[in-house]
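Got a structure for you, written out below as structure tokens; questions coming shortly.
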Amino acid sequence: MKTALCVVAWVVIAPFLGGLLAGVDRIITARMQSRVGPPLLQPFYDVLKLFGKQGVAVNVFQNYYMVCFLVFVIVTGALFFSGGDILLTIFALAVAGVFFALGAFSPNSPYSNIGAERELLQMMSYEPILIIAAIGMFMVTKSWHVHDIAGFQKPLFVFLPGVFLAFLFVLTIKLRKSPFDLSTSHHGHQELVKGATTEFAGPSLAVIEIAHWYENVLLMGFVYLFFAFNWVVAIPAVLVAYFIEIFIDNTYARLTWHFTLKSSWIVAGVCGVVNIFLIAFLVK
Amino acid sequence: MNILLFLLLFPAAMSLVFAILPANTFRNALVRISCLLIAAGSVYAAFVFNGQGYQSFKVEFPHIDMIFFGGEMLLSLFLLYKCIGIKKHEWYIPALIIVQAGIMAYCEMSGAVPEVDNALYIDNLSIIMALIIGIIGSVICYYAISYMRDYHHHNPQMKDRQRSFFFILFFFLSAMFGVVFSNNLVWLYLFWEITTLSSFILIGYPKTEEATRNAYRALGLNLLGGLGFAGGILYLVKFCPEHTVDLARVIASGPGLMLIPVVLISFAGVAKSAQMPFSSWLLGAMVAPTPVSALLHSSTMVKAGIFIIIKFAPVLSGTWAGYFLALIGAVTFLMTSIIAVTQSNAKRVLAYSTIANLGLIVACAGIGTYETLWAAVLLTIFHAVSKGLLFLGVGSIEHKIGSRDIEDMDGLIVNRPGLAVVMLIGILGMFLAPFGMLISKWMCLEAFVSSSIFGLPTGVLIAMILAFGSAPTLFFWAKWMGKIVSVPAGLAKGEGRVPGDEWTALVVLAVATVATAALFPVISWVSVEPYIVSLYHQTVSLSQGNTIIMSILLALMILLPLSFLAYPKKTKLVPRYLGGANVGDKGEFLGAMGVVQQATMRNYYLAGFFSEKKLTIASVLVTICLIVTMFAVVKL
Amino acid sequence: MSQMSIGKVVSRSFLSRPATRLYPFEKRPFYKATRGAVAIDIEKCILCGICQKRCPTAAITVTKATKDWQINRLRCISCGACVDACPKKCLWLENMYSPAVVQKGADDKFHQLDKPGLETTKA
Amino acid sequence: MMVHVEEQSLVVVDKGQIVDKATQMSKEGFRLVQISCLAKDSYEVTYSFDKNYACAHVRVVLPKDNPELPSITGAYFAAFTYENELQDLFGIKVSGLALDFKGKFYKLSVKTPFAPQPQQPAQ
Amino acid sequence: MATRTIVPFGPQHPVLPEPIHLDLVLEDEKVISAIPSIGFIHRGLEKLVEKKDFLEMTYVAERICGICSFIHGQSYCQAIEGVMKIDVPERALYLRTIWGEMSRIHSHLLWLGLFADGFGFESLFMHSWRVREKLLDLIEETTGGRVIFGTAKVGGVRRDMESLTLKRVEDELKIIEKMSHELTDVFKKDSSVKRRTVGKGVLSKEDAITLGAVGPTVRGSGIASDMRKLGYAAYGKISWEPVIETGCDCYARCMVRCRELYQSFDMIYQAMAKIPDGPVDVKVTGNPNGEYFARVEQPRGEVIYYVKGNNTKNLERFRVRTPTFANVPPLVKMLGGCELADVPVIVLTIDPCISCTER
Amino acid sequence: MSFFKKSPWVIHYDGSSCNGCDIEVLACLTPLYDIERFGIINTGNPKHADVFLITGTINEQNLEVVRNIYNQMPDPKVVAAIGICATSGGIFRECYNVKGGVDTAIPVDIYIPGCAVRPEAIIDGVVAALGVLEKKAAALKTMKASA
């Protein structure tokens, strides 16, 4: 029953949280650039407007993948917030990501195609860390279930500082922030126009946007897990993590995929793996 | 027992028939019937023996062991004969043949080969393997009928030697059944060598220079592995206090006594399953007609290597040798996954992915805990089904679009929707949740993390390698899917239909891929878990919650594409974004110098970032070190 | 090499008031020199047509017959050539720019720019 | 006071000599500054080279009919932009261009607008 | 089968404010070849001389480009003055120098922002433009326009600056200079900026000469070539040396512009200190007769104004060769073998100004 | 309730402007004017845009480009001609390669004069354009409803 409640809460509340988060993000970003920025509810206005637009597309298939993307992100979150297996959550998130990439591949237009390739490169960059994070959590809490991990009574990040660091690193990729905003150019302009989302317009762009909101909330959920021993600590920690990401977004140039792949694997290999081995020896 | 004999002898018998019959309708009908019978036979065997645990049978036949010995010698002679006219640098091949034959002859002549009471057996693992060989193998043979017709149609310069082709194909199946049913290691050895021989002939089928070269490479490397097998037998009959060639007894004796021969034979398994230092033979095998590739990759040959290692997993379990064997698999998995990213030839991608997945299975078997073994068996099943499907799919695509390059598969979804769907199912089966491969991988991860040797968290290292290796897999599969689903402008539906036989084969395998994913808990429960229990007296089973979640995911995966049909398609279509330079709506743009060009998307293979050559050399070196270490730590 | 070199500027901006001028709610008076729309004291004009001749974009039409002086605001580039040329000094450049229009032609011709009610000078 | 006036040095050479001249200039370390053309009764093509702030202008005069020029892209690759311009705007045929846009350097609504011949709308 | 990716880069492309088109041939993201296509802004304004008299053409010259507008006007006037041998009052020359350098600062700040945008550094872009707005206020106050100054005039300048204003402008400029330091430091030191610029788009010293590069592009390759050394306007009367960098890459060109910023501030201060009193223009009589090549240093490099008059109100020929036009061949050279992500960075390092180029 | 007024996304294309108007459009995005306050984003992609800001004249070569961009924008959309060049051809009106203002290529909904336009004028103009956008959105809705 509680599980069902969690799922319903996720499905209903997450987009609002995600939208608000995006709104706050835009305001903070603007302030960092010495601008006033849009109203807090701007992301909602954007999405509602997009739903009112005509949906042009290059072919009849492409928008559908994005619907699948949204569905799978929701399912992933439902899995996560109902306390399911964390590895399965990561895999389900990968499914969602693949649908997103397929949607971008579908129009076969140069910019969205390269965007899709880069999206996959990004996935390739962050997958190891996600899995390592899950492994780390298991090794500390002895459970693969989000439910148990969240219920763990000790502060996880103390056990997993390296993993947490590595996770923050890839969070930049997942939140589509500079220096790793390679595939969609969420912020600012780049050589790929709008990358993977170039060929999407109107409602399907809104769908993508909503899916990203869900995704962002889900990622914040991941961050929460590291501090889950006490929600009074965890919620500010999540917000601080998000703030750090915005700060990073505003203090770095966009880097290339070479660097993204190399650095995230190295960070995963150094911070993540070392941490895991320490845990393996220390936490029996 | 009769059914076992049927499976052993019937394909061999039919192969003799096909060796005589030329390609005609009658022959084709006969092939179809034989395929059906073999498949039915394996299913029947499964029905009869499933749930009965280990059963062994005595083969009452005069001088049967002598016959097998004779067979071995004949085989060696035949191979030696084949070595006439080899290149200079391939001198090692006849040398290997002679050494192996010498070892076997020495064992036999010295009269030291012990008797094995029950030479044939069947247990849950053999059943699974028999089903794979029987069903997938015969589906491939079935597919080969029209494929080979078209193949010669497309390659008129090639001599039509279909008779020997089908002869070998069916003979191969017999040998494979032999491998999975023999309890006598000497018999097993003969069957093992027959698979080497068959693949050698099949790879060399096109008779081009490249094909011949690759065939000899396959032969050489597998013989090198075979040397390990022969060495293992030699140890068993000459040095081992237990003195037995009874497979069941070897396994039951445990690592204390049997680790040396087991590691030697596993070495043969490593070669046969194309693990890293040996991987080149499987890549070279791509020159053969597609059914051969499909056969080698999914149901025969490499699966023999895997089979033997899985079989020995209980012996390897918890030993350092086993751990290093697992590391070989893990390193192979990581490296070949990365290399696969750089490939655009569909068959090479499939080949690398096969090697990678076999690496995973080897890693599981090498660790050899009940959880990893469970995952290993499931991986074997899922891999066989999806890989068979993918290879056959690529074969059909190649005949239809005239290329096996992934880059040329763009627009397949419009061009050849049927084939596209088949391919997508196959690819999904290989890497995405909730399909079998991924689920097994997931189980491996969980299992590795909790495995240890002498209290050291050894499994964690493999889990880490797995975490890194999975990422590139995601990249190249998703990219391939992307190519298939991308819709270039101005594409028309393709001409000509895929031949009926091919379709049947493809559909059967596609359905099987989805079905195995859907029935995954059932498969685990009915056949895998009993096997694991019989060895370890405990087993894994999926928690009910996860089963439900996976069912939901699978339902979504099936329902979402179907619901596309109901999705409103009223969108206005506009040309793609080309920086405003569009000309017309066919994806063309006005380029520099006033030339109208087509915007294309090709060649995103990161070949400048990952170098196939460098990575291969590096991993060959690493794995050779690992093999040396594996032998070095046998005594630990 | 330093990381986040812009960090100081960014954090300072975050903590202090944005540089944004909240136009249209907050308007800054234009400079005295600012070149905006052309305005005319039609009373003083003698319809000599020099301004028309000097205008590089042919924005001004002087019709002696109907005693009409018209300017096409969608053509005027605020260069001030007409102002410099006018012998009666009855032309000047407002500090305010001409407003956007939805219809071409409809607002093309008018004598006097509606006084926008802005202060026109600063400093 | 006198405004700074740069000294203008100009030599006129034959069409046949221009490539040699350019090669020589290039060997002496001159930079190609520009190529311009004036079409009146004849075509005056002027090449400017610079070394140490000293500018040397070299002129070739072409007849009005079927003007043709050898390309100097052999000596100065960068000349391709100017020479393509000569082709497109003046209708001078430049032979041996290293990167010949074949009249597609600019897309124009009139053919060779600077040529003395009457202009025709393109296509 | 086409084995390579062919991407149309532009004409409409968000990282390029102006239309330019490149046919990019890629192998994964490596640029194998980049063939430019231009002409999207070609208006053909050189031919306007047939319709407008030579004084009116000043307005056209100012509108060749909205970034380097003032110097265009100045160069045009210098060309006419060269033909007609007009003596320009000294105060006007100093004012031209002051405005010219203000225009250069505004252009460089603008470029710094665009460059930052080119490698995805949004906040750096915003802050560069924030500083630039301060300068625009000064420009507007002294000229009446934000980007089109409208103060060029054959025989002088169109308006004067009072000494009070001059003082205030100087004070303001000092503040702007301080603000710019914060930003140029980022370009100079930030690791992510360096990662995107160092070693990218290399143009060797030899190539820079043979391909005819000008302005910061050539100075970034270690060649001191700056037309202000010719000594026009007041440049002969103040002390300065051309800025050069020897890195030959995008970073070097960026550094040239960063340093030129401060050089320009300094030039303005010097000019303000030395500016004499007097009239700011002379009356122009007669028509131009003869030809003249005027060379002036624009923010992007040397611009050539060629005018030929035949003693009528309308010039016979008017030609502008702008710095970006000269920098196109070096650009083509720099693009070979770069990464797709570097394309905007490299294209932007020549500070392309297409409206200048295509006239 | 329509949200077009609250979230107009723009695309900017430089027809053949002299850059003067161009950089003023960009200046609108930057801190001093910050049009993101009105929810305006410069998308750079016709498929995401509601408002087409175009500066400069139409010439032979960019005619098709402008049309392409316009056609790729989903309805409802408005076009704003920014600067004298875009409204009428301005000082380049008589050039041989210039066809005239933007309305020679595509229908224009709002003309924003100025040479160069001031950022304030652009803001005023875009705000006025939003009124038109709103109307078009309503029309589209009724059309959809009746279809």
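Going in written order, the chains are labelled A, B, C, D, E and F, and every chain counts its residues from 1.
In this text, a contact is a pair of C-beta atoms (placed from the backbone, for glycine too) under 8 Å apart; a residue touches a chain by one contact, two chains touch by 3 or more.
Since the structure is predicted, the reported quantities are computational estimates derived from the model, not experimental observations.
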item: Far-end chain from chain D, centres as C-alpha averages; value: B
item: Remotest chain, chain C as reference, centres from CA atoms; value: B
item: Chain whose averaged C-alpha position falls nearest the assembly-wide average; value: A
item: Top-ranked pair of chains - ranking by C-beta pairs in contact; value: A-B
item: Where chain A and chain C are represented by their mean Cα positions, the distance between them in whole Å; value: 49
item: For chain B paired with chain D, centre-to-centre distance based on mean C-alpha positions, whole Å; value: 68
item: Inter-chain centre distance, chain B versus chain F - centres from mean C-alpha coordinates, in Å; value: 60
item: Distance from the mean Cα position of chain D to that of chain A, given in whole angstrom; value: 58
item: Where chain C touches two or more other chains, by residue; value: 3-6, 10, 13, 18-20, 22, 56, 77-79
item: Where chain F touches two or more other chains, by residue; value: 13, 30-32, 34, 37, 42-47, 59, 61, 65, 69, 72, 74, 90-91, 96-97, 115, 118
item: Per-residue overlap in chain A, given as positions that touch at least 2 other chains; value: 30, 32-37, 54-56, 110-111, 114, 117, 189, 193, 198-199, 250-252, 258
item: Pairs of chains found to touch, sorted by chain label; value: A-B, A-C, A-E, A-F, B-D, B-E, B-F, C-E, C-F, D-E, D-F, E-F
item: For the chain C and chain A complex, residues of the former touching the latter; value: 3-7, 10-11, 13-14, 18-20, 22
item: Parts of chain A lying in touch with chain C, wherever the complex brings them together; value: 28, 30-37, 247-248, 250-252
item: Chain E residues touching chain A - in the complex, by the definition given at the top; value: 5-9, 13-15, 28-29, 116-127, 130, 190, 192-193, 195-196, 339-344
item: Chain A partner contacts - residues on chain F that touch it in the complex; value: 2-4, 6-7, 9, 30-31, 34, 36-39, 42-45, 47-48, 50, 72, 74-76, 137, 140-141
item: Touch list for chain B against partner chain E, complex; value: 403, 405, 407-408, 578-581, 589, 591-594, 597-609
